[in-house]
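I have a structure here, written as structure tokens, and I will follow up with some questions on it.
Chains: A, B, C and D, in written order; residue numbering restarts at 1 for each.
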Amino acid sequence: MLVVMKVDASDTEIEAVCAAIRGLGYEPHSMPGEQRTAVCITGNKGPVDKDRLSQLEGVREVIPVSKPYKLVSLETKNERTIVDVRGEPIGGQVLTLIAGPCSVETEDRTMAIAEGLCGMGVKFFRAGAYKPRTSPYAFQGLEEEGLRILAKVRDELGLRIVTEVLSEETLSAVAEVADVLQIGARNMQNTALLKKVGKCTLPVLLKRGASATLEELLMAGEYIMAGGNHQVVFCERGIRAFGDHVRNTLDVSAIAAVKELSHLPVLGDPSHAAGKRNLVPPLARAAVAAGADGLLIEVHTDPSTAWSDGAQTLELGVFQRLAEELRRYRETFGPAPSETHAS
Amino acid sequence: MLVVMKVDASDTEIEAVCAAIRGLGYEPHSMPGEQRTAVCITGNKGPVDKDRLSQLEGVREVIPVSKPYKLVSLETKNERTIVDVRGEPIGGQVLTLIAGPCSVETEDRTMAIAEGLCGMGVKFFRAGAYKPRTSPYAFQGLEEEGLRILAKVRDELGLRIVTEVLSEETLSAVAEVADVLQIGARNMQNTALLKKVGKCTLPVLLKRGASATLEELLMAGEYIMAGGNHQVVFCERGIRAFGDHVRNTLDVSAIAAVKELSHLPVLGDPSHAAGKRNLVPPLARAAVAAGADGLLIEVHTDPSTAWSDGAQTLELGVFQRLAEELRRYRETFGPAPSETHAS
Amino acid sequence: MLVVMKVDASDTEIEAVCAAIRGLGYEPHSMPGEQRTAVCITGNKGPVDKDRLSQLEGVREVIPVSKPYKLVSLETKNERTIVDVRGEPIGGQVLTLIAGPCSVETEDRTMAIAEGLCGMGVKFFRAGAYKPRTSPYAFQGLEEEGLRILAKVRDELGLRIVTEVLSEETLSAVAEVADVLQIGARNMQNTALLKKVGKCTLPVLLKRGASATLEELLMAGEYIMAGGNHQVVFCERGIRAFGDHVRNTLDVSAIAAVKELSHLPVLGDPSHAAGKRNLVPPLARAAVAAGADGLLIEVHTDPSTAWSDGAQTLELGVFQRLAEELRRYRETFGPAPSETHAS
Amino acid sequence: MLVVMKVDASDTEIEAVCAAIRGLGYEPHSMPGEQRTAVCITGNKGPVDKDRLSQLEGVREVIPVSKPYKLVSLETKNERTIVDVRGEPIGGQVLTLIAGPCSVETEDRTMAIAEGLCGMGVKFFRAGAYKPRTSPYAFQGLEEEGLRILAKVRDELGLRIVTEVLSEETLSAVAEVADVLQIGARNMQNTALLKKVGKCTLPVLLKRGASATLEELLMAGEYIMAGGNHQVVFCERGIRAFGDHVRNTLDVSAIAAVKELSHLPVLGDPSHAAGKRNLVPPLARAAVAAGADGLLIEVHTDPSTAWSDGAQTLELGVFQRLAEELRRYRETFGPAPSETHAS
């Protein structure tokens, strides 16, 4: 932590800052510069409370030096985490493809999609039984009936189920069916829910909020890990920016940067970023090229009649060609950690 | 709803769009233009599902015409709602000031602040018993003990309590103490919580999410009203933008625009927007000048020792001078609905 | 400047950083912390080149401490600048209103607007002879003919002319007519033009770019002052954010923050921010309440036939009522420097 | 164009809108809906002036249907443009790599970098003789001396020179040396400069402004094409968003979307987006995977002593490995137009 004094800060004010630092149990180091004085702090084991110091007379700015996240940090655990989902990895050499419709639909339609994906070697099935919708009048998901259908997909086809949990109250019901609990972008800072999934034994797929900084994303992961659940997978699904050519702006640099900051796996979600089908393949390729450990993609046997998000959903055959291309890319070029290229 | 065809769309494609519209129970009106054809839709009572049509061959774009919100809309109810909180209004002629510390602190400190505010004629007390923090290691609020202290503030001083509810599970406990349930920016799209407060009989103060469009904010209010709770108050507390001179960018135009779109009251929160004390008074003035029905402001007897958000908290005496100025402004200039000035 | 080392930085790496700092002529101060070492730099008279140090082995981050702007800074000149425009001030006690149509139109129409404004006591007339338009096919302004009409407004009515300069080549022609040279948001970082107006003797009204940070805005002002022209007036006209309820998001906090950082005057432009007439009055009030030294407002005798920006242009009578209200506000409450309220 | 009336618009108001449309020479089609009336416009050859109609009584919103760009549009010219630069293509099957230092440095250093790149088969050399810097006190480029050195690179090594033009006044000098004129992000809406390069015979590399929408980018290209210069190449270099993990957020979806909207080539600039070296390779891969026709990359023999932007500059050897990987990717997977995959 560095406390930057105003140009006209008096000696008394500087001394008061040093005294306050000592009062917090740390050691101040006053550094008089040509224009102004800065006071460095040492001796702190964790983050120093910035607020206390920033309010003292004569202080211009307080600049934190340490990052606030620990458990998620690659500096803490200098080894890539591979999350195991009933024998299938997320992270490491393999490119993980998680595919399926936006919502669970009828049993027949859902099974048809799941069988199609199974036949292509997909191991993870995504579909929402509980849907977070902007409008209260929009379809909110099949709820319990949706969970029943997902259980059937899991039991009959062996697919690993990735499905969103929207509420503390339905968490236990969802957890009985899910292999991976998904926290959506809208709930990334729903701390009550984060604490609760932190007590679960299932892996958690945590989507980045539409305007979350990387630090906020990593701290949301820290909430889950601090609760005892160390199986966290991040997912970049596009941020809210000013452009109107996509639904959300896929921030591929976030994928690369999370790989530099954290040992946890990170996925990309090109479907929610694109918002329209044509842009899904290029965004999928870009996410993988940026270093994503896998993708979440919306796929349907008949996207034009999908119950939600149809416009951004790929038809099964299109997905198959894309999946083959992406796997071939991964085999040819590897997971490409930026470290090996940039040093 | 307007379906815009591609320049090279064939007659067959146009006819297929018309047929699909008829299939949805509406009436298509094909409008051949110089460059391309557009198809207007009439006969719909509510929003048309955009996704179905946007995926048809030859369609370039689907443009919605109607807004999706109803109950919150000034077009639906052309009369300003005044929310009554135990005899004190939010909305209408009066400027509502909701003040207090960020967090409930010790009983003594909290009572001291509350008494100070009471003495200035403030009717609403804000303080969090449950705090949503970015870090799991930061102070999370006094929780039940905080609620007990708030009950004392309410019972002994008569102040109306505005406090945040973070979780479905603690809602009933919070509701026993609160006069107004606050939904924070991080939970604006926590639909499970929105549905739940929609079933409560207490007024709800709904803060705009950091990257929520006005439509999303209004739709979040619609969730609450659709549940049966019509006492909703919006609050603009700053959006996430690229600037680093404030914590959040107070979007005063949102205040003015909500007044044009909705009959519900809207407040401003200059404290969370500013992030530092010096900028709170100018932002408070700007919010009121833009037409806010009131303000949420963090106030403390000794901000430099506040348990959270101290840097943006006003000292009681500073708040008093500001409050007097703002009330004088309101008496002089009135609530200034933009309608009266712009026509 | 503070150089933050990685957790696992070696002593050799730290020593190399210190050596590099000494090589730049400054003094390094190594500060070993619990987790990592930071190296403070003293002895520098101006900003240190961040790039050189950030690339050394073992360095995690380089954090600048000093601000890069000097001449525009309130720390450099601790006295408010009042820009004099032929006897009329911008800055200080008076609220400056700069009004007129978006574009110069026919001589008759332009004179009619100018006379109307003159009759209300307005001293500054704004209208573009050269217009920066998004489309090459849109009206680009009357150009030389527009300048001739502006000269007539100036000579016959005595109004001070504020008009935009778009190009190095037309600068001298514009400067013959203008009392204040306006640099538009699109050209805020057109450094060639900034350098050129820095050599002029006319005051410059510098609009904030749609995505400029305050530091970039201040540095653009620094370009002009460094050229020798110290009569700079900033103008906040809205930033590009994700919202679609306005054309640009008026950042009133920028107005208040510029007043804290710089001695130069700052105006607000509610017309370009709002993008529609109804929202202009509330944004105008908010800008003044946040501390703006004045406003730029689009006004026309008949907005519905204005040649450009008609939708956001106020009719003369509406403007008159607003102007009276704003002047009354200013007389009642003063320029309200945040300092007096927040300390 | 579609004019949406307010819910309570009167028949007289609707008729006035129709009359106004007829007055503009177009044909109105009134479409009464359940809630409100919309009026479609046909008969227009180009964009209708939105402003005139949006101001009429009873109008809620005016929604444009046609896009304002023509010459750049893939709907106008349904064939990919390949820009020829002295025999080397930009666009088409080949991946174009444009590499070199941020600024032209001394003749020796610049020649050394250029020779290194030449040896790797690079055909395009980038380096700025005129630099747009945020600070007036930062190095502004070697200017004429820089042009002389670039001419030497061109003449001795045959490299095609891509260099930025900052000013109308230096355009002719730059054009004598450059093979491709670069317009930087800060000048994307410097319409005076756009018009001037529109009269040149050299290809223009047009960078997207930090907060430009795709429509604004395409319209800036339209300015150049409307002037007669049809050799325009777009470049995505990152947008300004809220994140602090990169200098600019590389919007790979813009690359894919420009390919869908325009026939012109589009490049990516991972260096300015990343802002730091480690993230350049993943962003380079992502841009190519999203469909970019090539890349602009900052490369230096000794980045740690580069005169500007060193932190984001790749060392020659690192660049070579990256370039080989990217070329191999392109050979394996092709230019991957999204069309072939998404239909």
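For the reader, a short list of remarks on this structure follows.
We take it that contacts are C-beta pairs under 8 Å (C-beta built on N, C-alpha and C of every residue); 3 or more make two chains touch, one makes a residue touch a chain.
If you're wondering where the values come from, they're calculated on a predicted model, not measured in any experiment.
Set against one another, C-D and A-D show the most C-beta pairs in contact at A-D. Of all chains, the one whose CA centroid is most distant from that of subunit C is A. Averaged C-alpha coordinates put the centre of subunit B at 38 Å from the centre of subunit D.
If you average the CA atoms of subunit C and of subunit D, the two centres end up 26 Å from each other. Centres computed as Cα averages put subunit A at a distance of 30 Å from subunit D. Multi-chain contact residues of subunit B, defined as those touching 2 or more other chains: 211, 240-242, 277. Looking at the complex, you find that subunit A touches subunit C at residues 2, 4, 6-8, 29, 31-36, 38, 40, 42-45, 63, 65-66, 75, 240-242.
Note for the complex: subunit B touches subunit C at residues 211, 213-214, 239, 241-246, 249-257, 259-260, 273-274, 277-283, 285-291, 314, 318, 321-322, 325, 328-329, 332-333, 336, 338-339, 341-343. Residues of subunit D that touch subunit C in their complex: 46-47, 50-52, 54-56, 68, 132-137, 140, 166-170, 186-187, 189-192, 194-195, 209-211, 215-216, 219, 222-223, 226-227, 240, 276-277, 303-306, 308-311.
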